[in-house]
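The chains carry the letters A, B, C and D, assigned in the order they are written, with residues numbered from 1 in each.
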Amino acid sequence: MKEDTTRIEAFSDGVFAIAITLLILEVRLQHVGSAGRLSTALFALWPYYFAFALSFFVILVTWMAHHQLWRLVRGTSRSVQLANGCALFYVTFIPFPTAVLAANLGGAEAETAVAFYCGTFALGSAAFNLLVEMIARSHLFRPEVDVMTVGRIRRGYRITFVFYVSATLLALVAPYVALALTIGVRLFLLSIRYQPAPVAPAAVS
Amino acid sequence: MKEDTTRIEAFSDGVFAIAITLLILEVRLQHVGSAGRLSTALFALWPYYFAFALSFFVILVTWMAHHQLWRLVRGTSRSVQLANGCALFYVTFIPFPTAVLAANLGGAEAETAVAFYCGTFALGSAAFNLLVEMIARSHLFRPEVDVMTVGRIRRGYRITFVFYVSATLLALVAPYVALALTIGVRLFLLSIRYQPAPVAPAAVS
Amino acid sequence: MKEDTTRIEAFSDGVFAIAITLLILEVRLQHVGSAGRLSTALFALWPYYFAFALSFFVILVTWMAHHQLWRLVRGTSRSVQLANGCALFYVTFIPFPTAVLAANLGGAEAETAVAFYCGTFALGSAAFNLLVEMIARSHLFRPEVDVMTVGRIRRGYRITFVFYVSATLLALVAPYVALALTIGVRLFLLSIRYQPAPVAPAAVS
Amino acid sequence: MKEDTTRIEAFSDGVFAIAITLLILEVRLQHVGSAGRLSTALFALWPYYFAFALSFFVILVTWMAHHQLWRLVRGTSRSVQLANGCALFYVTFIPFPTAVLAANLGGAEAETAVAFYCGTFALGSAAFNLLVEMIARSHLFRPEVDVMTVGRIRRGYRITFVFYVSATLLALVAPYVALALTIGVRLFLLSIRYQPAPVAPAAVS
């Protein structure tokens, strides 16, 4: 069983590592035209740097959350593998809304672009909720993860989902506030969700 | 011998993870022109989202099947490595027919595009059949995999091959029916082919 | 020491897996224009399919050779890491000459394109020769690899280098013969170089 | 704790391997136009080959330094994971300044391009300094890494940072000298920083 988790974690790690590295392919001088001075062009690319940095941070934090979650899991089932596939689907999709965001930051259609970007997070959060449900229903949390902890994890993911749906709606009227909120919530989650490696009995690791 | 399998599985996992993540590079706003409203453009990209999601699902299911198969294998030989290379060749090729499909869904040449897409599956299935044959002929299935199981696996892969060849031909007259069938067969295979990790003797894993 | 080899092999595997998967990005319908029927365009792309398949095969065989070589190595040194870096440099470069080859197969400048393609193999072979030399000089072959085996490996790599240099020169006058020879030599090497996993004493693996 | 390091190292290795392999996507014949002879075009691409080779070398050396550093670490904390994320952010960013450098080598705005390229190294060095600080402050260096060694590592990274900031400023007036210096410093670091695997007590590895 242990081995199974290793394999799915390695595959997931690969997908995370590739998605986070592909983001840079959208940062190109062509986006700002080739006329004028190079320094002007490099400054004009700021929305691309911003979107790149933001999505890099999003994928990194998602990887950390995924990592945290799987450390509590003792094996896989078909439904868990498919739910994990949905979560990875979200991760591989991120470069596209990032490109849409970069091309429209500060533009006339920022509302649509930010709503699309935040809507992607809402769908991603739905996928992570599905993954947590499938792990819980297949009784695949490690024995030392008690019922209360599982309940806390589920509630945390549900609240995050509601938050991203709200941010998506908010983006339609106040895109930059919505964007700031999705950054803020991740910084907050980062500060509460992370726990150092449990002092696990030797048999577990 | 064990070590050998680990290395080829890790390499294969890398190829699967990269191919599945590269798919997103084909989803671009440029495909629908830059005139008009952003929301209109985002909706007009539906064939690209559909093709992306479908090929993501195809590669994910193929990875799960590959994973399942290799769990039954105890080592490699040159012919097995080459046959596995053919299977990976198919996996890395998928982004191209996906792009062709996306550009022609709902268009005047959907027949050709879907036939090309399904034809790729037929070739991929041929590669997987070759892999299973090579493993069987090199006597590299684990000792606990009995003759009947090997026979069942071989038959399963042969039937899948015949199915994809039929779907390719069908696509020339009824592309959307063919497409629906290739999705259906994967959902069906997913429900029968998957088995939880065998309760293997400690020495095996 | 053992651990060190694992890490460099994993990194190398990643580079091989990515380079082999990136090749498909060069197969695009845009290369043959968008006018005319889709089926005609798909056929007209044959040089791209051919170059893709050939370079896929080249990288796969190179991975197998790299894998074979590292199984004989017990640790790394700075010079070995740098020489391995040169070998990986060659691997990551392959997509470019592949694109040049595809764009010129059957064209008026096939000589230049094939010479560039074969010249890349010559440089790659030089890098592998350097790697073998560095491993040998740092005395990092495993103890069970005797002097005669090391001598045979060195000679094999030197002959391959001379062969690729000759193929590069030949390409300037007879490109398709040179191309056929570089395919042939790989099929030949594949048949002689591969050895099944040695029945190593338990302490080694 | 050990396991935790393995996972973050594997993720980092993936990012390094992908970033180093993506560099080739910027080497394209289109950069020099399609008119004229192929051989002329292949020669005219020299700034792209040079930038590709240089950034390949930079990422390889950075990977070796990252590898060296993590071998001294016994676990992770949230702040270490975030600092490592900053270091990886730098690594994934490299393909963009590489493209800017290639497009401007020998051109009228080489100063800006080289300053941007060296400035990226300065930011990357800042990220690595942060990582070393976080590891030191979280007391996550292995017990056998004594206070003097930690002090030497910290000083080394600080000096490198000052060097890259200076090179960035120098690039504004003498770009090619600055470029030569950043290559030279890496060759120098390579010769002093590398140490063979320590003869660690069995319990450590």
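By our rule, a residue touches a chain if its C-beta (ideal position, glycine included) is under 8 Å from a C-beta of that chain, and two chains touch if they have at least 3 such contacts.
Keep in mind the model is a prediction, meaning the values are calculated, not measured.
Listed here as common contacts of chain C and chain D: no chain. Listed by label, the chains that touch chain A and also chain B number zero. Counting the residue numbers that touch the partner chain, chain B and chain C have less than half of them in common. The greatest centre-to-centre gap from chain D, using C-alpha centroids, is found for B. Here the CA centre of chain A is 36 Å from the CA centre of chain C.
Each chain gets a centre from the mean of its Cα atoms; for chain A and chain D, those two points are 26 Å apart.
The residues of chain C that reach two or more other chains are 10, 14, 18, 22, 25, listed in rising order.
Interface note: chains touch in the pairs A-B, A-D, B-C, C-D.
Chain A makes touch with chain B in their complex at residues 1, 3-4, 7, 10-11, 14-15, 18-19, 22, 25, 75, 77-78, 81-82, 85, 88-89, 92-93, 95-96, 99-100, 103-104, 109, 112-113, 116.
Residues 9-10, 13-14, 16-18, 20-25, 27-29, 37-39, 42, 52-53, 56-57, 60, 63-64, 67, 190, 194, 196-197, 205 of chain A are the ones touching chain D in the complex.
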